């Protein structure tokens, strides 16, 4: 029997392509006893429900990732202890911190990528079969990097990962690149995929952009939700857009939203540890039913959920492309 | 028959000189379908009602100006398409973006000034007779400039404009200057009018100041509402003050409020795309009834309205002058 | 008869060591007619009630300190005029501004310290016997300094003061030092007490820290609440922790909370003139009843109150020490 | 009898288009008793010799302009007192400082432009008939501006001036604009003429550029020498290039050197008050003899001279144009 | 017959471990007609003489690499045209600029690495058999990276490269990392090798460090010369030190000079396009004769040469290790 | 018999008040085997010759102070080992680094002050009777401070020290303050003495100023040489001026040179580890003979010497006072 993803129909009178879940946030900042905040987290279908990897900053504001489970994708039980890593394809599993995880199922296992602290932020990789045992692999890249997102299948026989080369602070620049690996250990063939836009063209994504959710295949190509950042006189504001990448050559952007799809405009997005942040990290999609549920971090404090019709999103992205 | 400007009496127990409209904001961020936000906008009496020019940032955060109309100054119908400019006194009407408009009636027509993108922000000028056809003129100045505000009549036979020379980013300095033109094409006789204050003297306006509403004549001289900025550890905060300029020599400041008149302290001013912003751009005044209605942008997101008694404002400004 | 400090029992279901007063904020931004905001203020038991020194920024955002009185520590009557200083141990009582006061009773009088503007911020000192007449003394240090906090008794025969050397802006670094004086006029024997932490160890206090409330003696040593700051991409966020200093050698930190005790998470802490600020400046404690009431500034706008059990705080600090 | 401009033939073996005068610098830093440095200065033919306006910073590093005279353009007698301005077309001749002058003869008089301190740097204008009496006019523009250079004749009936809008510090950006005036008092019709280049295209001029010498007419159009700046890890380096602007529409750049013509590479250019600066401010040209002598400031300390063949420069500029 | 490397004996009275060639610089800034400067270049033994790859910035300050040849390592003939790349293991051989080359012979060919412009600086790779035809391979890493230096033999069966992750400007931080590749196409197993030092420990290398010359094997391990940078109030100063890395685990630093070996102190190092730079890029060594010749860029303008006794350098490095 | 201070008569034709020693620098960068540079050092008459304390940075660029001796003040023998401190009035003699020493004889001993590394730069104090044994005292102040200079006698019964409060980097601001101490342990009565100037008034000292040589008494008051700094687009430039402070109230500046007395203009001042630095740290004066010899660091690399007539300096300072 088919698993149902979380869903609410579009509210009456709403003309937006993406709409928020009425009971947002779905995960509060104190959902586990030690957490200061839970946000920028990723989910996947797992067994007869869902599993997820959650960024929980503790009350010392130490960043770590935690496994969690849900039967319906909305009500989550997050482990109170962070994920403990065992050695995967390397013994070097040093990690000063872990944040902003993504999860992807490829072939036979779930791969987790995250921003891993190793002499600066870089992309950590691990796999699990059961969300109980996790095996950490070589970091994908040298620092400084963030927002590493794996494609859910090999492309031309190789693993493919999006990422956003960065610096060691609140990086004020950033494009999305793609890299390939034959073995999840050595990476190369780096290509620039999408760039931050000129201010005049689309200011919400003019400072930097970063891959968000794991891309999934549609008739038009890979559909991915990403974040874009504008640097206001009061700091960064993060909004969400969508991009459609070529199925076989995902370094080719076919379409990309010039307008955002979602921008901070409700309280839990506008107020929190870092105000005015929408940061998508995962989707659940039901292609047949033409539904997608988007999980995003709000204000660096909580996890929220939004919905859309895949066909509408594709149409909008094509018609409003940069 | 005399036109009524928007008005509410001062709330009981309120000891402030300026008070907010109880139904604020009067224009929501999504008042037109494509808008991300509508703010920093200007209105004038027009025919038997009111007309306005509105800053509507679209969902790509592209900044443009839109005409709108109202019978009572509170309920506004804003055009869904931005103003299209025809050539006025020049064919060079390039514009990367338009924002923060002001509107002034002089002699026989309505003049619009705004921050115009031409190799950086500078002051754009246009005129209209009917808010349908608009004729763009030469930019007043070289970049980098913002907050160009025309006086509603010629001074000593010349057009006069306030402005705030700036740099190409989130300018951390800025005084108000005045410039004159015989013909709305060539500008000169630039004078420094008002400076940002020493921190110790009046910190809310110590980082930069900028002309706000179009000045209007009172017994004491030109009364103008302006914004002042303080640079906190969490970014800029914009508040509103008043200045009275000499009737014939408006580069002479007669009085200027040391305290602010209005500072962000209600939710729609404190939360939004840029938190903690009050940005006055226009007034409607009824001299005989001793009333003024001030239109201001709030949090770079919505348009709000405040009221005051002109005589009280003048008295306060004189008694609390820097 | 013993004086009762403000108190509310811990809410049901609350597992935190510190909890907020349900009627917060206790002092609103406009508690006196001229005030823009009242925050970062200090209280002490006085006569049969309480007295305090309050930071009230006026509507020109000029910072000054005001005396106030309360019978119960919650309802405060603050003087409408700022404290007028007379010459204490010096005639040089210049002051461009005064902010962030602390109050301490030592031997026979109340000592006030504050951030005093003298060619930059430094630590001002004054004493009073009655909160009516105040006698200003020599500034303790050269600029640039902030957060000067006196111990409530002499240590090894000398006055002792914590402070945080700074620069002349929104200082992005800062440790807590201690200094000694034989006479409240000349200061020396400066020692580094506590440092901002490495980001990985405790990020909420990784940018800078500053002494908060006046330390009081417990079985474990001096207990002090302090603030720690993290620099997010949207500015500084201030949270509160506790430290226990050695009774006789208070430059020795015995314990210090790795997690914060309180972080901005309710509206009046998250929204205001400077969002996301918790800034403790004083406590009232009842050792016998094992109670402490903590006064803190919220969002640089209002004064709020939190409570805790001293024994619990000590236990938590020891068990969660850096 | 025709006046001879300074000249030396190209050294043997030199393949450069521009070569230095062998006796450089021609004016030493202490050529007048009060001077710290003399540089960035301008000369014109005058009577049977030459006159000039010199930037002499005094030993308090106050910047001012001084008249000077020479019979051969190489040996200069500079007045020991700075130019005293009388009121020209305005009484407002305030000036906090004057630097980087240029001189142009138009119709019946010599016009001087310079960077004038009026609430920030802007473009000062004065005229003289005899280099004894000088008449200061209205500043051309609002601050912040530098490097104002007049064309030596009216263009389409109007005065024309190049300038470089700036900010109030060591501006890290900057393009050359042109503006027009019917009367040397009001300016308008501002156009962007030349932009700083992308780093990859021509890095010596990638940070900012500024007009240098007064343009003179050649068969190809207006020939002007300008400076370009690169921001190295040890500060700015200034080099010199040439541009050819359309005769009738000088906002149209016909050719512009991608390579520099002269870069700091001899001691007096590499060492001094500001190392690594070549800053052209004037030329003397003999069209018939196909000669040009270029006066430039070196290392913000001295005045130096370089020579070239006009035809060679034009050829080089056309063949090596951006 | 054995090839002689360039050499001069240590000058009398010199107590330094490294001494300069008396005829420095060996390559002047204008050694080819189009060059602005030639520096930061690499050489290897080739046939019966030497070959090299030279960074020649042209007079537009475009950075490119050029092949050159020498019979004695001192007198060089550099091609006047830059190296033209053919496709090696990739067709993607885009390059906005090329600078700071290194050359290494491994197994059967010469490998060139350099800082390659591809959406920011990263590490370019190419090989040649004859210094006539060059085959460009995939960039090793994502941007932003500089100073990629290959080991001259495989380590544990894999190619090994040192590099310095950077940002997109004048990076004010930077450690040396090592990465491995099975095939010169995919890279992984990234390890931090050496870090910039605390200011107190060795300030000349406290801002950043970068690999310099290709390591060569000695009895103690791999000997490499590297640069270290200090940020003075007048910009960056680059000096040279030595490190000895473990033969089989070159991410292990056995010794590393706390004092520099060479610091800018002669004119051609102190003056030039970027003052105060010593930047080693290559060595020639004669193990039997205990000699090493070090090629370094001076002041970002010329190429210079220094000499040392390998045994002395090793002894010094061991005795003066951090 | 009276000791002769170093001296050369003013060169013929020189019209400056201060002139350089013809054999400068008097101490080269490598005067001791381990030194990278020797500069910013202080001397005093001692026994029948002179003693000094020298800043010698070693080749790891670690900063320390060394004793040295001279019979004539020009030829110096500097100890090869740094000064070893014993406990003076404190046991806390921690020091991460020591630089920029000054030496003063007061009553019965020589006092050394320097910039001492204790959680940032502050003012270290030590005394010696013989330049063999040194006794370190409490640091005078909290960090961050530099350029502590003691007066050579008590003022109104107390020790007096000038200093320049700073921040923890290349401080871009700074005034000179005075502080007093009854006992060389506790300091207070801090007063602002001299401020950095407005740019327009005297730009060479507009960024920051710092006390230089130990003041000595003249008929007009205390005469002190100090440094002033201007921030050019290529970094800081340090020049030297003079100030005359009131004899009994040395926080009162009687006169202060608006022009500099000496600015970097010879090679050893313009080139070196930090170009364009003149930094006075000591004088030797012969009041009867009307001579002063000024020791200054040049380009942060060497020690140089300049001379002047005290009466001329006073006259110049009075006539050219700010």
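We call the chains A, B, C, D, E and F, going by the order they appear; numbering starts again at 1 in every chain.
In this section, contacts are C-beta pairs under 8 Å (C-beta built on N, C-alpha and C of every residue); 3 or more make two chains touch, one makes a residue touch a chain.
Worth saying up front: this structure is predicted, and the values here are computed from it rather than measured.
Trainee: If you walk from chain to touching chain, how few steps can bring you from chain D to chain F?
Mentor: Tracing touching chains, the least step count from chain D to chain F comes to 1.
Trainee: Which is the least count of steps on a path of touching chains running from chain A to chain D?
Mentor: Between chain A and chain D, the shortest chain-hopping route counts 2.
Trainee: Please identify each chain that touches chain B as well as chain C.
Mentor: A
Trainee: What angle, rounded to the nearest 5°, describes the rotation that places the Cα atoms of chain A on chain C?
Mentor: It works out to 120 degrees.
Trainee: Using residue numbers, check each pair in B-D, A-E or B-C against D-F and return the one sharing over half of the contact pairs.
Mentor: Answer for D-F: the repeating interface is B-C.
Trainee: Which pair wins on C-beta contacts, A-E or E-F?
Mentor: Of A-E and E-F, more C-beta pairs in contact link A-E.
Trainee: From the C-alpha centres, identify the chain that is farthest from chain C.
Mentor: D
Trainee: At what distance in angstrom does the C-alpha mean of chain E lie from that of chain D?
Mentor: The computed centroid separation for chain D versus chain E comes out at 41 Å.
Trainee: Using mean CA coordinates as chain centres, what's the chain B-chain E distance in Å?
Mentor: 59
Trainee: If a residue has to touch 2 or more other chains to count, which residues of chain F qualify?
Mentor: 234-235, 271, 275-276
Trainee: May I ask you to sort the chain touch graph into line, ring, star, complete or other?
Mentor: Shape of the chain contacts: other, as it matches none of the listed patterns.
Trainee: What chain-chain pairs meet the touch criterion?
Mentor: Result for touching pairs of chains: A-B, A-C, A-E, B-C, B-D, C-F, D-E, D-F, E-F.
Trainee: Show which residues of chain D lie in contact with chain B when the two form their complex.
Mentor: Going through chain D, the ones touching chain B are 90, 92, 118-120, 122, 138-145, 163, 165, 167-168, 173, 175, 177, 179-183, 185-192, 195.
Trainee: Under the touch definition given earlier, write down the residues of chain D that touch chain E in their complex.
Mentor: Checking each residue of chain D against chain E gives 15, 200-204, 206, 230-235, 237, 258-260, 263-265, 267, 270-271, 275-276.
Trainee: Can you check the complex and tell me which residues of chain F touch chain E?
Mentor: 29, 33, 36, 58-63, 96-97, 117, 170, 234-236, 271-276, 300
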